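Order as written gives the chain letters A, B, C and D; numbering starts at 1 within each chain.
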Amino acid sequence: MSITVEKQLVTLNQDIAGQEIGIPVYRIADSSKPASTQVYIQSAVHAAEMQGSAVIFKLIKQLQALELNAEFVLVPNCNPFGRTQRAGEYLQGRFDATTGNNWNRFYHYDQADAESFVEDNLDEIAHWSEAELVSRFKAHLKRKLTEKVDREWGVNTAQFLNTTLQQLAVNADLVLDLHTGPSSTRHIYAPEFLAEQAQYFNIENIISIPVSFAGALDEASFTPWVDLAELLSQKGIEFSYRVKAFTVELGSQENICLTQAKQDSLGVLNYLQQVGLVDGFAGVELTEITTTLLKDYKTLFSKHAGMVEYLAKAGDKVNKGQVIARVLNSLEFDNDSAITEVIAPATGTVILHYPSAAVQVGTQLYKIAIDS
Amino acid sequence: MSITVEKQLVTLNQDIAGQEIGIPVYRIADSSKPASTQVYIQSAVHAAEMQGSAVIFKLIKQLQALELNAEFVLVPNCNPFGRTQRAGEYLQGRFDATTGNNWNRFYHYDQADAESFVEDNLDEIAHWSEAELVSRFKAHLKRKLTEKVDREWGVNTAQFLNTTLQQLAVNADLVLDLHTGPSSTRHIYAPEFLAEQAQYFNIENIISIPVSFAGALDEASFTPWVDLAELLSQKGIEFSYRVKAFTVELGSQENICLTQAKQDSLGVLNYLQQVGLVDGFAGVELTEITTTLLKDYKTLFSKHAGMVEYLAKAGDKVNKGQVIARVLNSLEFDNDSAITEVIAPATGTVILHYPSAAVQVGTQLYKIAIDS
Amino acid sequence: MSITVEKQLVTLNQDIAGQEIGIPVYRIADSSKPASTQVYIQSAVHAAEMQGSAVIFKLIKQLQALELNAEFVLVPNCNPFGRTQRAGEYLQGRFDATTGNNWNRFYHYDQADAESFVEDNLDEIAHWSEAELVSRFKAHLKRKLTEKVDREWGVNTAQFLNTTLQQLAVNADLVLDLHTGPSSTRHIYAPEFLAEQAQYFNIENIISIPVSFAGALDEASFTPWVDLAELLSQKGIEFSYRVKAFTVELGSQENICLTQAKQDSLGVLNYLQQVGLVDGFAGVELTEITTTLLKDYKTLFSKHAGMVEYLAKAGDKVNKGQVIARVLNSLEFDNDSAITEVIAPATGTVILHYPSAAVQVGTQLYKIAIDS
Amino acid sequence: MSITVEKQLVTLNQDIAGQEIGIPVYRIADSSKPASTQVYIQSAVHAAEMQGSAVIFKLIKQLQALELNAEFVLVPNCNPFGRTQRAGEYLQGRFDATTGNNWNRFYHYDQADAESFVEDNLDEIAHWSEAELVSRFKAHLKRKLTEKVDREWGVNTAQFLNTTLQQLAVNADLVLDLHTGPSSTRHIYAPEFLAEQAQYFNIENIISIPVSFAGALDEASFTPWVDLAELLSQKGIEFSYRVKAFTVELGSQENICLTQAKQDSLGVLNYLQQVGLVDGFAGVELTEITTTLLKDYKTLFSKHAGMVEYLAKAGDKVNKGQVIARVLNSLEFDNDSAITEVIAPATGTVILHYPSAAVQVGTQLYKIAIDS
């Protein structure tokens, strides 16, 4: 066993003076073994969601003490645009400050990618081994990413960021995108076909999402492979390989905690061990885990502007009809309209709430995983 | 003729103290005639795009001197969320500062609206006059808007703003949404079926857009009627009524000019006169007008960060291969890399460019209407 | 006893549409007694510092159950400019988003005010009773405020806000300006001559400040009276009356808690009872209180950019040399420079720390009250 | 003559990932001559004020073709904090987005610096040549800057930026700080003792400022030398050396124009030639120049919120009583209050106006140099 850690600074951005601003990319592998498998982990594409970077810090240490059955590519603080964007005392790293484009909604996905691949290789595809098919489709996807970034008319900033990150991730068999919520408990988004396996992360709440594309990296990673399998199935070819991808939500934004990061990393290592990507990890004791379908993961938008006291906190169980928040209206401090109660519309678990007491009509007050 | 001007303050927002912030709604009609037709005009849903409000100011005066064949509903400064949002010396009224949601992308449209209407009225629909059909479908759409705003779990702030504005616009037969570009020449978005008629506005550049929905008010206004006509056509019923809707781009943001607003209003009045909504307007001399299909209206995104000198200005004709901008890189001031030239990828008309010299990779440098 | 609560909406701002945005002003008094004394309490001039508004809500209720020896003027959410200014998911209500002017640094104070008053009334001043002197100087200060707001060339937005609020406060004998810190424990700024009396508020940490003006309301309230007393003393007239004024810091920003607001209000009521402004309040059990001179209340600015884990929290005692924070540098995750430790430069109490893990060089990491 | 251009990247900032962000520093000198004199020129400390960087680009070329009697230190885009801070489509590089601290108000100046220098060298100072005195006081000031940056408790971000830039400028005999206004004509701030000499820059409007410190680099550069001369004068020592320093305002922000930059650079070269710092420059034809005392350079703050049409533009002469702007109020579009006229309070020249039509009460509408 001979584990190496390589570090590279990938230039991604320049500021207006012309200075290059890049992202550190760490590659960890056992140089004594050929790595046929790759794991890609990035953090903080929403720049204020920093806990994932602390987890990557812990993983870099811990992976070096384990037996590695894959090459690991780790990219902390992967958004050089967002991480310099201050707004008052906080970091507005959630969307492009110029356009409003969410940094996590412009990854590349095109249904035509799988279609053109199958069409171009119609005669040979049946003769390829699964390994060859996987390798050739990855190469095909990589070309599509390059073509996109190289377009004569260019791409927008979020597309540029997202597509460039995807070029780093496109060879991976497992993709983890580390995020946090606003004031949030830990939860994980897993595609339906991985919802059960996701339990190995040892995170209390799993949100099981359908295989479709709404712009995020996890979706962009697994959806083309499901597309490909369907097209092949129509040709009578069975193809079971899938890229595995998860969005992991590690608590609250604007915060890091190294002690908790150690805990978070143990969950990741447990998953890696269970799916055979590392060996030698001692394991963790699994907590009780709830899985909620995306359709039952609901957002409660405020119907009132005012100052909000959040009575139900992230992680709390709430019952339908329960008062979960109070909105204070300072123009009515002398009468009974001073307080408006916010009622839980269903029974379930509070996954997150808005991080400020100051809300307007339409503010995303709570996200609740409803009991099925 | 007895023209009345009514003013109403429609509450739409509260600030966190509880104070209501509303929008002024002006209604102008000839009270001596029953108004079977309605025209809806709003401005500044992107709050820094103020010139449309100056145009509404001029229209309110001018309409009172004409013969009116419709009721006019005019809503200047229609975005009470955006118009208080300052960012340095400018107004960031383009998107929700909390979420990045573009204030012009969350209007309500659902293909199911026309479907449910036809299904619910299957037996009677063939017996209705066009007028009755129009009136009943408007009422149906209005109910859908109300249902959306009243959802138990609420809607987000942009949806709340957009849907509330649509409730004001839903009875209109003509909808004008007044915008501006960044550093921009005047242009107008017209649905294909109105591209020719749009010439009456006397605006040099028309962008002809397909009938489909990407979130804006004009699309949300006419698309359901095209849906309805298609469904009726499948049932053998011909239905030619369409709501007419346009997005009008009145030059550059962060600016008002009353002299130019007078000119702008004359184009609007000319359109109204030509389609029979007013009488007694003297008309204007038409300028030369170019119509470009949306697929030929292209955005040039920057491939470099730096300080940009815009050589081609809004309204300029440019040739493929022409140097239209120069990007200055202050880290290379001592060598030939100090300046990178930006080349026009096609021949056409510059409609707008970015309003600041400071750009990053992916900044929308230019929008160009390509010669066909 | 016949307590009345009056409410008034004082217009202070307009948005660009022309809509007036005001502040609610509550006046509570015993109408059966002439009120020779006035108390002024405002909150949230830094708009995200909302807890004071919750405290005012509680005070409005509680005052009605007590015997009042003064008129109470209460102004929650007193900053209509700041309270609409969103920045990501937080409220940037700390400074004018256009100019950077801190909303709490532009109150009016001019040493010449006391000088001109003494000069103008040189002959009569010795013959006035203290009450008459107080009343006349208040009127003089009020005129100066009016003159300032009415200047031909105008005043800047922060001056306009601050001076207008001062017009509401200028008759008060006691002024409380309710604030919060970022991530903060409760503390109170008291002028040296009131540092001991400030203990009645029952807040653990008192910062004793010299009588001088740095822009805030408390300083603007008491400094002219100290000026006046000095000038009179030079003329051989003893004048002991002082306006009392405090800035009260009620925990952390972006947050309200009604339970805690009840506690906070009891401290205020205790002070009011002790200085004779109310009767009938049951009192509170005093906690242990530390007083620190302003010169010993020190800010620790970060010398490193990175992601910070705050090990010492608001309210913690720290020792000189203790590691109070760790800064994570993601470009050094593979070596020992990954973590830089932040050391307490002195022994004392952490009053507050920065609310985000994301810091740059020069970020105000901690404020520490040093043990004397 | 053997002119060399050296380039250095001075690290000044890191982003939260740990990546260093620096400023390019160009040094141009004739290596065949010992440079006893130094010129320091920086641009864009307010990051959106970019035209000065284009001027430095031109100067770097032009200086190489002249005879140099000094070493030139040129620092374009000198603010790595501000130049990444986007706010909508503009660059908010005017103040620290966290604190509101203006990036041009935290340069180091302390009256005690000259005092301690004189006191420390009381016995020897009379025996020093002027050159020695200058050299020793520069070294003294440099030490003070180093002590400040190295303080145990640190300094705030604006202090860090400003003091670091001052370390680059402290040896210079001439300091030029290149800025722009919002929508502005060219003007220059000159200390009274240089107001006449400032005409060589060939800029139409000179603002003559008293020698005192309000936070800017020009003031921080020359004030200590005036302090020193006064203290020496009290000891009977005549000392006429002064650091020369100017703030040059090169038109409007958010914009660069290379053609105009060429013109701007000719003015700078003309000054350099006239004061003997270069030779061989052909000279320029001087325009008519007006000098205004700072007390006559007045700001007109808006008394109304609304949408403003600026009738008087930068560079225009206006007469007292003239309507220079109109404020539109959309809540009064149906009556005579729709427009409020803004009147020039005095006769003079409009130097700049606010760059947006959207204003609030207290917005800095115009700055006018009043005719004396």
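Just so we're on the same page, a contact is a pair of C-beta atoms (placed from the backbone, for glycine too) under 8 Å apart; a residue touches a chain by one contact, two chains touch by 3 or more.
Fair warning: this is a prediction, and the values are worked out from it, not measured in the lab.
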Requested in this report: Specify the angle of rotation obtained when superposing chain A on chain B by their C-alpha atoms, rounded to a multiple of 5 degrees.
Outcome: 180
Requested in this report: Quick one: compare the interface residues of chain C with those of chain D and tell me same or different, with half as the dividing line.
Outcome: same
Query raised in the report: Between chain C and chain D, what is the separation of their C-alpha centroids in Å?
Result: 35
**Report entry** Between chain C and chain A, distance of the C-alpha-averaged centres to the nearest whole Å
**Finding:** 43
Query raised in the report: Touching two or more other chains, which residues of chain D qualify?
Result: 9, 15-19, 24, 47, 50, 76-77, 83, 86-89, 91, 94, 98, 307, 330-331, 358, 360
Report summary line: Listed in rising order, chain D residues that touch chain C in their complex are 13-19, 81, 94-96, 98-102, 152-161, 298-307, 329-332, 345, 358-364
Report task. Please give the residue numbers of chain A that touch chain D in the complex, ascending. Result -> 9, 15-19, 21-24, 47, 50, 76-77, 80, 83-89, 91, 97-98
**Report entry** Parts of chain D lying in touch with chain B, wherever the complex brings them together
**Finding:** 5, 7, 9, 24, 26, 47-48, 50, 53-54, 56-57, 60, 74, 76-77, 83, 86-92, 94, 182, 254-258, 307-309, 326, 328, 330-331, 333-334, 338, 354-358, 360
